[in-house]
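There are two complexes below, and they share subunit A, which is joined by subunit B in the first and by subunit C in the second.
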Partner chain A sequence: MLLRHTSKEVKVREGLTINPAKTCQPIGAMYAALGIHGCLPHSHGSQGCCSYHRSTLTRHYKEPVMAATSSFTEGASVFGGQANLLAAIDTIFAVYDPDIIAVHSTCLSETIGDDLQQITKKASDDGKIPEGKYVIYASTPSFVGSHVTGYANMVAGMANQFAESTGEKKSQYNMIAGWMEPSDMREIKRLAKVMGINIVLFPDTSDVLDAPQTGKHVFYPKGGTTVAELKSSGDSLASLALGSISAEPAAIALEKKCKVPFETLDIPIGLSATDRFIMAISKVAGVAVPDEITAERGRLVDVMADMEQYLHGKRVALFGDPDQLLPLTEFLLDLSMKPVHIVSGTPGQRFEKQMRALLEERSPETNFKSGLHADMFLLHQWMKNEPVDLLIGNTYGKYMARDEDIPFIRFGFPILDRIGHSYFPNIGYSGSLRMLEKILNVLMDRQDRDALEEKFELVM
Partner chain B sequence: MEANKIIPDPSQVREELIQKYPAKVAKKRAKSIIVNDPETIPEVQANVRTVPGIITQRGCSYAGCKGVVLGPTRDIVNIVHGPIGCSFYAWLTRRNQTKPETLMDANYIPYCFSTDMQEENIVFGGEKKLKIAIQEAYDLFHPKSIAIFSTCPVGLIGDDVHAAAREMKEKFGDCNVFGFSCEGYRGVSQSAGHHIANNGVFKHMVGRNNEVKEGQFKLNLLGEYNIGGDAFEIERIFERVGITLVASFSGNSTVGAIENAHTADLNVILCHRSINYMGDMMETKYGIPWMKVNFVGAESTAKSLRKIGEYFGDEGLKARIEAVIAEEMPKVKAAVAEILPRTKGKTAMLFVGGSRAHHYQDLFSELGMTTVAAGYEFAHRDDYEGRNVLPSIKVDADSKNIEELKIVADPELYNPRKTEAELAELKEKGLEINGYEGMMKQMTKKSLVVDDLSHYESEKLIEIYKPDIFCAGIKEKYVVQKMGIPLKQLHSYDYGGPYTGFEGAVNFYKDIDRMVNNPVWKLIKAPWEKNGKSAGLAASYVTQ
Partner chain C sequence: MEQIGILEGRERQVLEKNSGVAQADIACDTSSLSGSVSQRACVFCGSRVVLYPVADAIHLVHGPIGCAAYTWDIRGAVSSGPELHRLSFSTDLQEMDVIYGGEKKLYHSLIELIEQYKPKAAFIYSTCIVGLIGDDIDAVCKKVAKETGIPVLPVHSEGFKGTKKDGYKAACLALMKLIGTGSTDGISKYSINILGEFNLAGEAWIIRQYYEKMGIEVVSTLTGDGRIDAVRRAHGASLNVVQCSGSMTWLAKEMEEKYGIPYIRVSYFGIEDMSKSLYDVALHFPDRPEIMEAAKQIVSEEVKTLYPSLQKFKKALQGKKAAIYVGGAFKTFSLIKALRSIGMSVVLAGSQTGNKDDYARLKEMCDEGTVIVDDSNPVELSKFILEKEADLLIGGVKERPIAFKLGVAFCDHNHERKIPLAGFIGMYNFALEVYQSVMSPVWQFAPRKGGSL
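On to the complex of A and B.
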């Protein structure tokens, strides 16, 4: 047993987190910043932060993840990191020549009170930012929220620091991506095209973190939302924020700064969330839903109906991030499955409320915890007390899945041991169909594996 | 097979590498980019700050302390005191394998422990939460040891992790609790963390159990972290030749073994950078000499075993070592004979770690491959130039911040394992005791040595040299591979290994052969992109 010290007996913990179902803000900010074209993320803190974030993102995507660091030493930690950041800005523009540097803070720079707004302003005043180039920032203290919060803060920073309203509206809509994969962002763009609307999608990591092998390393890959697009987001007719924790803060920023009205939706994972997404586009843009989309939906429902016997009542444990967990739980319920345990390390009252409301209506006996000490150790203990048929979560789940001998689907962040998430979407009707296929495959493989010889089925 | 490559003029390369840098940066970097001469060994600037904004391979002190040195010991509960990220990123990502003797034995390596500091802990202090966390860990697991690691904010807000550790240790009575001030901002790289870890392990663990265990030839393996099972292979060989491994620092190790380490009669050091402090301190306090060895590479393994045999000076041991070498070598030779025609003449670059960039050159030369450029991520001058430069290394402000323990001979336990005369005799025989010659002496003249290689420099080097393989870490992996050059990770071994000893050498040969000769590298261009044509293809069939 790999997790041999995990006991069945659940005790309330107040100090110790074990096997966290979250990580810290800066990595989210780094990921978001990679979704701007020509942008170099910059970590204002010790070298280790940048190194760890780059390593984790690289393992997740198996792609280059470029980012720089302020390389704090003890001196900088005592006297403040301004000199380091100013020096870094000089070095970066000279050596790596990005269009944009997106600076995020760390627990170190936040604890000593470095003010990124003031330092980046000083860089600008001192003429350190070349003509036509930008330095943007987001405050991302690691001791608040989680990686999702950091993502949200950087995306809000993009809206705040780039969006302009010229007074003339453009025939376009902002689509603010919650934390999702490049494949998902590509799918959002496809769906918008099929729906016949122009969108500004930000951030957009497609064609950045799924770059083709060409024999050349392109430092700033062709993907990413451009500065022109980000600026124009202030002139858009409306914003759709996909995810109340990871995307909505940017939509609020746009409304405040440029009076762009917005609607917040779930990330379109599963049938119902995708229905709401399509309806929202239809309503906001006043477009009819084309037959192509209806057919996509129909294919998903068709499989749900045809395969219901393998899904009904199957007990699921899941862990991950709020904006994914909410629509995923709803999808599982639509599939007639039973979410038994749900854990997210990311705190959030809104999420608590939304999840509780969903569960109260459709699955009141589900164990659910989020925020402090909502960790995988607790989830594992719950699983020992009330076993499940399926586990869904990031790669770290494989230790629990192996010990408990239960089918496991990798979903969320990070996925360090499989490919696919960057290439094949999990959102929209077709992405949900892929998710459903994965669920069916692991459950049916298990049925095949465990069937008595006389009960082994050819046709299923 | 490709013909031998033309090696570019290294001094020109050096100029090219620093050309784009702002003047001050260029001046600094120039001192870390050196054209090698194994005869004179020029000075390399190392262990100095990375220029802010430079994309570096380096990590932090915490990574060196918790991640590298303490992480591999399976029965310590390692609690990271700080916000959640630091513990999360160091969770199972270093591949230090471990094999508890029974299913009942403690193994906390698959677990991640953190105090998950929140804003109120930063504002009002986190010591109280830390003590609660230690208590909870004790109540849940009853471990032999609990170690506390300070992350950046902890040092800044003034939490005293050592006082908390002492208090809890006294309270428990049966659990050794100790702390490490390894905040990420200390020093200039992981290296500071290694030193801090050595100090802590020496102070709080080594020497706690004086029981002298059975075994004729007892040694400790220092600086071997069992990545990909490296230590397992070394343990296998030790067992075959009859060497008793008292403790490993720290791959596949236990608290009990480390506490008993001072009963060994020799320390052999693999990764000089991360653990040399331990060798020196054990020498001074207990009289155990240390010897640099290298179990990476079959020839190097044989040589290292012979050195150990010579040290113990026992004819039976020496004979067993020769017999094992004779038995193990044929399959290694057979693998080389099969693979070498496909790898001979190819070139490699190694930019990794504090010893791997040196050790792995042996494996490449066994494959007939030349290392044209190499450098460390976090080493010091002695790792490049040899320990004889130690007295001339300037101690700068960043190094001064790392505690240097004052060690004296233990009044009871100090027992010099060899007399001065015996040591002199061993030296006569070519055995360097308490010494290390460094990487450069082994590298060819005009090869390039670059310390703390930046991303920019790595791309330039690849452009200029077009090496057949590049060795570095995960952050560099896909950058280099996007350039059409395979990258071998030498931190994680690309999830393969072991690469030590005889079996490891064969694994490495096979992996390198597979990588440099993989058909995929020839499939990068689409058929319609070849010959420079990307426009529409002309129809070649004839319409009637």
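On to the complex of A and C.
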């Protein structure tokens, strides 16, 4: 009983966060930057930040994760980190030779007032950035938002700092990936291909964080959105932003800078969100939905019907990040399951409003909290008061699942104790079918485990 | 890879042993170069890993959420009782706190925490930002200690104020405040503290058992399976036995100065060092020869069963080459010996935190041509592993996937070890783990070993 101390009684807390359901901005920026080809993320702060982010991403992906650090010292924090960053830019181009350095700030460099825009401009003015190379940046103070905010800021930075409009439109669409796995990004590209449209997907961590064993340690794996693609995003016909929190800021930046119109969609998790995604492509590009996609959808609906009796009314607690929780909650409702508790450490009015709207219409009695003090301790307290049949969330959920002895599905970030998320998508119709399979497996395994001998069924 | 050389400015931190020529000392104890892909962490990380295993205290991280989130239960430091250390507590500082100060929030958090969990003590870690906004965490700790009646100890671990080693020291400072506050009644003259053993995978239990079998009382383990009450009476022990020299030598020296407790440095890895660590403790108590007798007995019994069981591994591993890149240098020494005892040689040896003396000794121990590195990075590691044709890398979390991408076996000798590697049984486990990884059939499918289509 690792969480034996969790009390049932929920009290208002003034300071404390216990077992957070979020982490800080910079790791999101680092993850996003890994989705640009030939890019070395750079953490402008103490070397601990960089080390922690690399370790966490390494544990999540079981892949080498390269990133550099400004290695702040006491001196830097008194006199400012400009000298460190300029020296770092020199070192990185000289030794690691990336095409791009993507700098993100930290709580330390933000608080001492380092201005990344000014410093990177100085680096450029001083000739520290070789011809054809780039330094981009995003401001990601750890004391604002969460890892999701950091991701959004870096992706918006890509749009802002790379997109160009030549005045001549290209026959392509921008697909701006909200925080999702390399497998999901690969699936987005597949779906676009089947739909018959050209897309620029950014960021794109497929073939970066799911790289094959080759006998070489490649510093810059073959995947990632290229600079040419990012530049051309300004000439795209339209943008689809997948995720209102993690992707939309980049779409807004593109609209402002290059007048590329956009539509914001949920990450296509589950039937309804995937329907909207496919229809949005169909509409914006004027293409018909091919039979192949219709069949994929049909297979998902078929399984939903086949297994409906095992899903109805099952009570679920879930925690994670806004752009995933929203469509996942909708999917659970579509499966006639019951989301009972929902928690996200990521703050934000937009998400708060969207989730409340969904719940008000379809599940008004659901407990929901986001932002400060919306942590796993609170979720666990809720679960003690109103028990559930299933928990969905990142690896840290395993403590609660064990203590409450309930089935658990790993979903979100980070997943430190299982594989699969890098390789098998959770989005689109087939990804949703996989999600459904996972839900059914854990619920039915539990039913088998707990069944009385005379009720232990062969055919289910 | 081929075109990437050693980082400019790092030449002095890398050395290939060549007895034929005079070689300068390796440069160490430096901060990582700005812009390097360093494998190192920060001051906070150092403090956090040292104090983490104290299981009946709360560990509150005062700062934005990240520092608490990334250090939440990532170290398998096992407890035989309370498990408060496995929870994550943070003041989750927000922008307004950064502007107006976080003291109030810290105070409330502490009061809430202590009320909820009734811990024996509280450690408050200050992070980068706290150092900048100037929260007086000492004052808050004092106030809360007075109100709650438990020790509330500030740990000054602002990330940028030095290296991981400075974090060890900050942690030791907090421990020093506890040591000496408990009663030493009834502590045997034949007693020790085990320092620098963190009970990863239950290792401290194994070591403790050996010493107890020798008739020695273990007053406290710092900090593996740690308890506040035991720490408070640590000054009653007759000898400090220090492993993981990087983190705890400072504390041992302080205790020597303040309480007159001598210390010895030991290592529990490998047959040779493990045996020596029992003999060295026995030597400290010459007036009771039974202790040495018991130590000899333990060693002889353990070796009698262990030695034959290692032969099968040795046969398979004979002539294989290893690369070692771990946190502390002392561990590297033991690993070199342990690897030799299973027939393997070492072609690369390095650490994140070694000092000048450590590297001098390392050089002495290593074979000709061995590459010695301080504060290395993935580029160098990959380069040397391939050049030296290593079959195995021993390292931590960030090194593992690099080894696997290269098609090289791996053993985690850091936080993520799953089985005890210390003690005699630990040597068996180590040999088994190395054997399983090096001999795994997977490498034959890897392109480097000709396994491509």
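Going forward, the second predicted complex is superposed on the first by the 460 of 460 C-alpha atoms of A that agree within 3 Å, B and C clash if a C-alpha of one lies under 4 Å from a C-alpha of the other, contacts with A are read in each partner's own complex, and residues count from 1 in each chain.
The working rule: a residue touches a chain if its C-beta (ideal position, glycine included) is under 8 Å from a C-beta of that chain, and two chains touch if they have at least 3 such contacts.
Just so we're clear, the structure is a prediction, and the values are computed from it rather than from any experiment.
Engineer: Aligned on subunit A, subunit B and subunit C: do they clash or fit?
Structural biologist: clash
Engineer: Output check: A:76 vs subunit B and subunit C. Expected answer is one of first, second, both, neither. What do you get?
Structural biologist: both
Engineer: Go through the superposed model and pick first if A:363 touches only subunit B, second if only subunit C, both, or neither.
Structural biologist: In the superposed model, A:363 contacts neither subunit B nor subunit C.
Engineer: So in the superposed three-chain picture, is A:2 touching just subunit B, just subunit C, both, or none of them (first/second/both/neither)?
Structural biologist: Touch status of A:2: both partners.
Engineer: What is the contact status of A:282 with respect to subunit B (first) and subunit C (second): first, second, both, or neither?
Structural biologist: Neither partner.
Engineer: Looking at subunit A, which of its residues have contacts with both subunit B and subunit C?
Structural biologist: Shared contact residues on subunit A: 2-3, 5, 7, 13-20, 22-24, 26-27, 42, 45-49, 51-56, 58-59, 62-74, 76-77, 84-85, 87-92, 94-96, 106-108, 111-112, 141-144, 146, 211, 213-218, 345, 372, 396.
Engineer: Residue numbers of subunit B touching subunit A in their complex, please.
Structural biologist: Answer in residue numbers: 20-22, 25, 49-63, 79, 82-93, 103, 106-108, 110-119, 121-122, 129-137, 139-141, 151-153, 155-157, 183-189, 397-398, 401, 454-456, 459, 473-475, 477-484, 524-525.
Engineer: In their complex, what parts of subunit A are in touch with subunit B?
Structural biologist: Contacts found on subunit A: 1-5, 7, 11, 13-20, 22-27, 42, 45-49, 51-56, 58-59, 62-77, 84-85, 87-92, 94-96, 106-108, 111-112, 141-144, 146-147, 211, 213-218, 345, 372-373, 377, 396, 399, 416.
Engineer: Where on subunit C does subunit A make contact in their complex?
Structural biologist: Listed in rising order, the residues of subunit C that touch subunit A are 1, 4-5, 7-9, 31-45, 60, 63-74, 83-84, 86-95, 97-98, 104-110, 112-113, 116-117, 127-129, 131-133, 159-162, 378-379, 382, 397-398, 400-402, 404-407, 446-449.
Engineer: Would you tell me which residues of subunit A are touching subunit C in their complex?
Structural biologist: 2-3, 5, 7, 13-20, 22-24, 26-27, 40, 42, 45-56, 58-59, 61-74, 76-77, 84-85, 87-92, 94-97, 106-108, 111-112, 141-144, 146, 211, 213-219, 345, 372, 396
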